[in-house]
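Naming follows writing order (A, B and C), and every chain is counted from residue 1.
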Amino acid sequence: MSMTTETHDPATNDLAATESEAAAAVHDEDHLDHPTPKQYWLIALILAVVTAIEVAVPYVDALRGAPSVFLLIFLGAVKFAMVVALFMHLRFDKPLYRNFFLVGLVGAIAMFVIVLLTFRAL
Amino acid sequence: MTDAALELSHGEHADHHDVKPLRKTAMWVFLGSECVFFGAMISTFLLYRNSTNDAPGVEIFDIPFTSASSFILLMSSLTMVLAHNAFENKDMRQTRIWLIGTALLGSTFLAGQIFEFTEFIHKGLTLPASPFGSAFYMLTGFHGMHVAVGVMLLAAMAILTLNGRLYEDRGLNVELVGLYWHFVDIVWIVIFTVVYLLQI
Amino acid sequence: MTTTAEPQVIRSPGPRGIWGWITTVDHKRIGLLYGVSAGVFFFIGGLEALLVRTQLFGPNLEVLSADAYNQLFTMHGLTMVFLVVMPIAAAFTNYFLPILIGARDVAFPRLNAFSYWLFLFSGLLIYSSFVMGGSPDGAWVGYAPLSTQLTEVVRMDYWTIGLQLLGVASIAASANFIATVFTMRAPGMTMLRMPVFAWMSLVVAFLLIFSLPSVAIGLFQLFLDRNFGGLFYAAAAGGDPLLWQHLFWIFGHPEVYVLILPAMGIVSEVLPTFARKPLFGYPFVVFSGAAIGFIGFGVWSHHMFTSGMGPLAEAGFGVATMIIAVPTGVKIFNWIGTIWGGKITFNTPMLFSVAFIAMFVIGGLSGVTHAVVPSDTQQHDTYYVVAHFHYVLFGGAIFGYVSGVYYWFPKWTGRVLNETLGKIHFWLALIGFNLTFGPMHILGLNGMPRRTYRYPEGLGWANWNSVATIGAYLILVAFLVFVWNIVRTHFLAKGERVGNDPWDGRTLEWTIPSPPPVHNFDEVPVVHALDDFWHQKYAEDEEGRAVRMPALAGGAVTVDKATGGGDEGEHLDIHMPSPSYYPVLSSLGLVILGAGLIYLPWGFIAVGVGTAVTMWGLFGWSLEPITKEH
């Protein structure tokens, strides 16, 4: 007995799923419990593009300083969220798992931001 | 309710019942705790970012090189998720191929790390050189160890796909190893941003 | 309990004797192993304390050298926190968590065994230091830079590696218990019908799993500083010893709630039983426990008020610490409300639970004075602190756990502990404890510092120190009475035999035999309410008084059963997990690995051997079926 009902249409096993499905499924959590392989490739492509942008940021003089910091953190967070939500399937899973993870993530960030603040290192 | 409830009460003892909720619950809470683990190391690094003494600091980083190895690790998450997908479709051969692919990408990442470290050591950035060096090697070293363990798990599972020994509630569950692998990847996303790219 | 047919319990013919205990995966046996181990370590930790107290009986005594003293007080603290109170809590949680939620075992029985063996072997590793050149001597908190010095001596490496291994055991156990509570509750056992003890075990599991990683990193960094030239805590080289304090206390503070919450859970079970009243304000007690756990992550720097963090940080942590007193106070009032107007039996378990409340309140009050930054600045590193934490940890936690032993002893053994001996134990313990630690408040405020092996004449400290030492010896006598009671009752079989439900209890453990069968419940119970068992036994009349329900044939009470996967009442095939030696093997491998790390560089051989053994254990474990066919 699985907690998520996984519907597997053999027709979508391979990479020849339609473009519209690929576009729809990434945003539509009601219909699909799993992204299809085609959608996984699409997600990977997006991640690669974001990485390329990130790598370019330190070389753009106009962004030096605070703007680059915020941009890099934002882009990193986007990649982080995509992998967690989609590759790790958290978006489609029980809220309990997401809550466990968030407690650790948010707790860690909060505690260590406080530590760094007491050192005046932040 | 009764059947579901009985499922709940059997847990791991029932071979023919689903152990996935138990294991997934444990894995996600463990991943939550790993956030604190890596968070502590990342903040130690941030604290010592400028404590470089006479040794090299962030200028030693080769961003293009590290970007390439980061990209490779990122793509290994794709191969991992394709392996899981193949496993769900009971295609052991495909599963094995993608698992090996993931392990190879992970190993390539590790090779890149080792190469990078030997370069840095030649240039004078060692663990005892400065707090920066200590923090850098601790963080990336632990991450690398996690990758290495992941590669071993992937290889073990790939072997188990032979002769059909990898079935759903058998020890090394593909999905669980996938979760671990993706986590190692997202930790690297944070490390890459905070250690290599950020200029504070 | 009436069942229409005997259930078939299918398990491999388990090994008998010692090998049976070594390969057990039964949560009840594992609980007993934890309990006995904790008891032995308690005795050893107590002896360490007695030696310390003897040295401090009078000024300028030479009973112990400074070096011996440092080792003894360090080991006393380490032992009591990590090898006594945590394992006692683990003992109770192991034994009762599955039963209280109507399950047959924990989520991962072999992982459960692994946690126990890792704890035991790690404790033995740390204690082996006594014969290997000296024990850890840098206080149980191991502050840098004291702990990073003297690297040619491996004492603090025993501490570093030992604590690291113990942490792994606890993390594994926590993941286990969390998975158990969230996936294995019996039908109808909603979260808010779980007994308070089960809730506290859950909160503790969260506290551990999210706090241990911080000290794990701190310890790894300490190890690198000591052995590989790391500069994490080296001030002269640009590092900062204060980083250690943060990483340690981010764990260390939640840790103290780990120590106390299970005891509070036990008290929440004992008081209703012997007041014959339900727990007053159950949801408040549960949510307060969760709140204490949550806020507990936000107060760690109150251990660092004198470290120069600056007024903003100090004020923030001071306020947070005061806030934590609120949910604690809520629990106290709820316990009082539970007893108030009840039909009270002052037997030994009840006495210890009531004393818990009183002693914990005293300790809590001194804790509140610590929350006030200026007063803490005077109290820090004095005996006032020693008084505070012994009141909450001994008068609080230990008394609570002892109450649990008296309460649940009949369930474990089928025999109830002797009441007369119990009361003697209680009064000796209460008096001895207060004689020992009460005066320390005064000593602390009069300036006596902690962790110093002797004090001079003429400072006015001698008399209270003598009183404290006498009290400590009284505690020893109390403990011996306790041990005698246990030996006499169970091992000499002189204790009075009892059945399932000697106390007319409220929760599920009293529905099964004493001691329980390996599979706990013949049929999985279906739960309809909080304190479901009580409601099976009693209805209420118009005035709300309990009216005993008519007993069923044979004098037994039927607990509503879930139907089996098939015919109602026919035998259920209950597959219990088979014993396994992989947990003990894996934990042994880890400890060998750890020992090798202590003795680098030639310890690399042991590191290799330990790694190989661990890998063998883990691979065997993951490939072995959970229930072996035969």
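Here, contacts are C-beta pairs under 8 Å (C-beta built on N, C-alpha and C of every residue); 3 or more make two chains touch, one makes a residue touch a chain.
Small disclaimer: the values here were computed from a predicted structure and weren't measured.
Trainee: Identify the chain pair with more contacting C-beta pairs: B-C or A-C.
Mentor: Spelling it out, more C-beta pairs touch across B-C than across the other pair.
Trainee: State the chain with the largest centre-to-centre distance from subunit C, centres being mean CA positions.
Mentor: Looking at centroid distances, A is the chain farthest away.
Trainee: Distance from the CA centroid of subunit A to that of subunit B, rounded to the nearest Å?
Mentor: Taking the mean C-alpha position of each chain, the two centres sit 15 Å apart.
Trainee: On a C-alpha centroid basis, what's the spacing between subunit B and subunit C, in Å?
Mentor: 33
Trainee: Find the geometric centre of each of subunit A and subunit C from their Cα atoms only, then give the gap between the two centres in Å, rounded to an integer.
Mentor: That pair's centroid distance is 39 Å.
Trainee: For subunit C, give me the residues that contact two or more of the other chains.
Mentor: 178, 182, 210, 214, 240, 243, 250
Trainee: When you check subunit B against every other chain, which residues touch at least two of them?
Mentor: Each of 21, 25, 29, 32-34, 36, 39-40, 47 in subunit B touches at least two other chains.
Trainee: Out of subunit A, which residues touch more than one other chain, so two or more?
Mentor: Residues 96, 100, 103-104, 107, 111, 115, 119.
Trainee: Where on subunit B is subunit C touching in the complex?
Mentor: The touching residues are 1-3, 5-6, 8-15, 21-23, 25-26, 29-30, 32-34, 36-37, 39-41, 44, 47-48, 51-53, 127-128, 130-131, 133-135, 138, 142, 156, 170-172.
Trainee: With touch defined as at the start, can you tell me which subunit A residues reach subunit B in the complex?
Mentor: 1-3, 6, 8, 10, 13, 34, 37, 40-41, 43-44, 47-48, 51, 54-55, 57-58, 64-65, 68-69, 72-73, 75-76, 79-80, 83-84, 87-88, 93, 96-97, 100-105, 107-109, 111-113, 115-116, 119, 121-122
Trainee: State the interface residues of subunit C toward subunit B in the complex, per the touch definition above.
Mentor: 102-109, 171, 174-176, 178-180, 182-188, 209-214, 216-218, 220-221, 224-225, 228-232, 234, 237-240, 243, 247, 250, 524, 526, 562-565, 575-577, 619, 621-627
Trainee: Provide the residue numbers of subunit A that touch subunit C in the complex, in ascending order.
Mentor: Subunit A reaches subunit C through residues 96, 100, 103-104, 107, 111, 114-115, 117-119.
Trainee: Write out the stretch or stretches of subunit B touching subunit A in their complex.
Mentor: The contact residues of subunit B facing subunit A are 4, 7, 17-18, 20-21, 24-25, 28-29, 31-36, 38-40, 42-43, 46-47, 49, 63-64, 67, 70-71, 74-75, 77-78, 80-82, 85, 88-89, 178-179, 182-183, 185-186, 189-190, 192-194, 197-200.
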